[in-house]
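Same chain, two partners: chain A is paired with chain B first, then with chain C.
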Partner chain A sequence: MSVFYFVAFLSIFFALMTIFTRNPVHSVLYLVITFFTFTVHYILLNAQFLAVVNFIVYMGAIMVLFLFVLMLLNLNKDSEPLKSNLVKFMGAIAGMCLLITLAGSLRILEVSESVQLKNPDIGLVANLGKVLFSDFLLPFEISSILLLTAMVGAVLLAKNDPKKV
Partner chain B sequence: MELAFVIEKVLLVSLIFVITLVIAMYSTLAERKVAGFMQDRFGPDRAGPFGILQPLCDGGKFFFKEEIIPAGAHKTLFILGPTIAIITACIGSAVIPWGQELTIGERVIELQVTDVNVGVLYMFGVVALSVYGIMLGGWASNNKFSLMGAVRAASQSISYELAMGLSLIALLMVTQSLSLKEIVVQQEGFVNWNIWVQPLGFLIFLICSFAECSRVPFDLPECETELIGGYNVEYSSMKLGLYMFAEYIHMFVSSALMATLYFGGYNFPFMNDLGLSQNWITIIGVLVFFAKIFAFIFFFMWIRWTLPRFRYDQLMNLGWKVLIPLAIANIVLTGVITVIKDTFF
Partner chain C sequence: MESIVQNIQGVPLNHYILFCSIIFAIGVTGVLIRRNVIIIMMSVELMLNSVNLLLTAFSVHNGDPAGQVFVFFIMALAAAEVAVGLAIIVMVYRNTRSVDINALNRLRG
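What follows is the complex of A and B.
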């Protein structure tokens, strides 16, 4: 349990650092560390597959692409556009609204009993695969089609229009 | 957790660490010797007999060189770059099974640091992480050539990771396990090696390993004719040394991984017909495993001095338009064959 609190503290700390740091590249790097702490959380929950996939996909691929784009944009403190007071004001109001909503929903939510998994090893690869291809086959296939659609869409957007050229 | 277990693992980790570093050191010498052999000259032969002290001299020289951090560089990230590069290179060897178990007195010692049941994915994660060292170093140098090198490294690594992952999926369909130990145990003897059932997968994996290690013909991140030295232009002293070291360690770990996944790891032909005791088989197995690794390292060097470097668009075309479709075809083929085998035989 103490390990959980320590890792949770680290997650929140680095997540806050992601927001508060001025340099976008630092921001991404803190986000990478945040994802790393998530990986540790998954391992603590005995979900090894999710841990490793989180590690590979988020830390290894998506964050590298983020970093890639930011490095090319060469953003830094001098070129950062100053936001007008109106935008800041609107941001503050929107944030407060979200806070109230969250607080309200948390108040309604009873503190639930911690769920006992029927099978504590559900996070291991073989078990997870079996569950995905039997009990959750339809949602699994639908989400793969969603991803495929997104991929085709991205290629279509990136492709040159032959009529224009 | 008993104390003896902890001591055993610490010893094993230290031993593997030392072996990795020594092999990386001597790979630098071997590379130059192989280059000499390919180009019909001697290679370094001044320091010690056959030049075997050359890596020590090089290392010493690296340590005593002046260390320069450019004024415009981001200091923390500049130092972090080579650090991450060397750490990610070293942690890969944790899940590789180096041999079967040794029995000393009452104790049975596994020659593998840890057998996680997602070993293959762990290796993949480590490979994915290793690009951060190059990217951070290249960006932090605040130099356009370095940045170009870093960007190339990132795009190359991501492109080839896909094909590598797909080629591994076909392998996993055959082995039905993600644990490296399990995969090696299945490949007992000679006819059970995975290379016989996954030749195309191995070819794709091999090419992707070259790309992930940034070895010739995929060394565009440090392409000296276009980028001077690529991501490591601004690095001097041991920091440059660490980048080079990381590359050689990568080569070693990739070779070990290829030997493990496709060439039977520590298994060798007729291993159970020799009538030797378990300890002897283990020892011979470890030697055989290292022989396979050295063969792969030699292959890496052989290619380096044989093929010219790709152009950048050729690199991307090969990755996206050739290797990925091939890898997907390989998955489909493997699936069809598995089904046919299960139904009719």
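What follows is the complex of A and C.
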């Protein structure tokens, strides 16, 4: 039980470091650590398939993409122009207002029962695969078309057009 | 395995909701206070992840695998979004030599 609170504290700490660090490369690395703590959360919930997918897709693919673009654009220095302090202050206030609203609406609920695994093998690959390929077959195929479209779009956008330049 | 499963028993669902709200609010704050487009996209990823974790917690709590399948779809969507978004950032950088969000106000009339 206390493992959850420790990992949650680590997640919040590294998420705060992500948005407050000046250097963009450090920011990406802190985000990688945040996603790793999320993987630990998935393991604690016994969602093994999601833990592995989170580890591979988020920490492996997406973060490498972010780092690659940062290095490609040569932004690994503190070149970011800072917003004025007033805008920063207002942004922080707005974020805290959102948090207070969410937490306040949470208080209306009575104290909930604790999370319990009613069905311990719900997050295993076999079970999720059965659901994915029976109930969610059409969305699964459509998401493959979405990924193909995204790939074509990304290549088309990022390609240097020799005729124009 | 059993000890891991035993570990999570006893954390109230409210604490999961509160934790994910905090992470989501951190993501919103990051979008509001930074000017680097790449860090803004990273904050959006943070928000997506908090919602993913909350969906998983609800799915485990209710014993319904549909929530985890939805998290899988959200991850596929996030991968597509990051690929297209970073391609747009590369193109914008090629035209303006900057990733400052304030350089993108040309659409303002």
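Throughout what follows, the second predicted complex is superposed on the first by the 114 of 165 C-alpha atoms of A that agree within 3 Å, B and C clash if a C-alpha of one lies under 4 Å from a C-alpha of the other, contacts with A are read in each partner's own complex, and residues count from 1 in each chain.
What we mean here is this: a residue touches a chain if its C-beta (ideal position, glycine included) is under 8 Å from a C-beta of that chain, and two chains touch if they have at least 3 such contacts.
Since we're looking at a predicted model, the values are computed, not measured.
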In the superposed arrangement, does chain B or chain C reach more residues of chain A?
C
Output check: A:V3 vs chain B and chain C. Expected answer is one of first, second, both, neither. What do you get?
second
Can A:V125 be said to touch chain B (first), chain C (second), both, or neither?
first
Who does A:F49 touch here: chain B (first), chain C (second), both, or neither?
both
For A:G60, select first, second, both or neither according to whether it touches chain B, chain C, the two together, or no partner.
first
Who does A:I19 touch here: chain B (first), chain C (second), both, or neither?
second
Examine A:G104 and indicate which partner it touches, taking first as chain B and second as chain C; both and neither are also allowed.
neither
Just to be sure I read the superposition right, which of the two partners does A:F35 touch: chain B = first, chain C = second, or both, or neither?
second
Touching chain B in one complex and chain C in the other: list those residues of chain A.
49, 53, 61, 65, 72
What does chain A use to touch chain B in their complex?
25, 29, 32, 48-49, 52-53, 55-56, 59-61, 64-65, 67-68, 71-72, 124-125
Chain A-touching residues of chain B, taken from the complex the two chains share
77, 116-118, 121-122, 124-125, 127-129, 131-132, 135-136, 139, 147, 150-151, 154-155, 157-158, 161, 178
Can you tell me which positions in chain C touch chain A when the two form their complex?
4-5, 7-19, 21-30, 32-36, 38-39, 41-43, 45-46, 49, 52-53, 56-57, 59-66, 68-69, 71-73, 75-84, 86-91, 93-94, 99-100, 102
Complex contact set, residues of chain A against chain C
1, 3-5, 8, 11-12, 15-16, 18-19, 24, 27-28, 31, 34-35, 38, 41-47, 49-50, 53-54, 57-58, 61-62, 65-66, 69-70, 72-73, 75, 80-83, 87-88, 90-92, 94-96, 98-99, 102-103, 106, 109, 111-120, 122-123, 127-128, 131-132, 135-136, 139, 143, 146-147, 149-151, 153-155, 157-158, 160
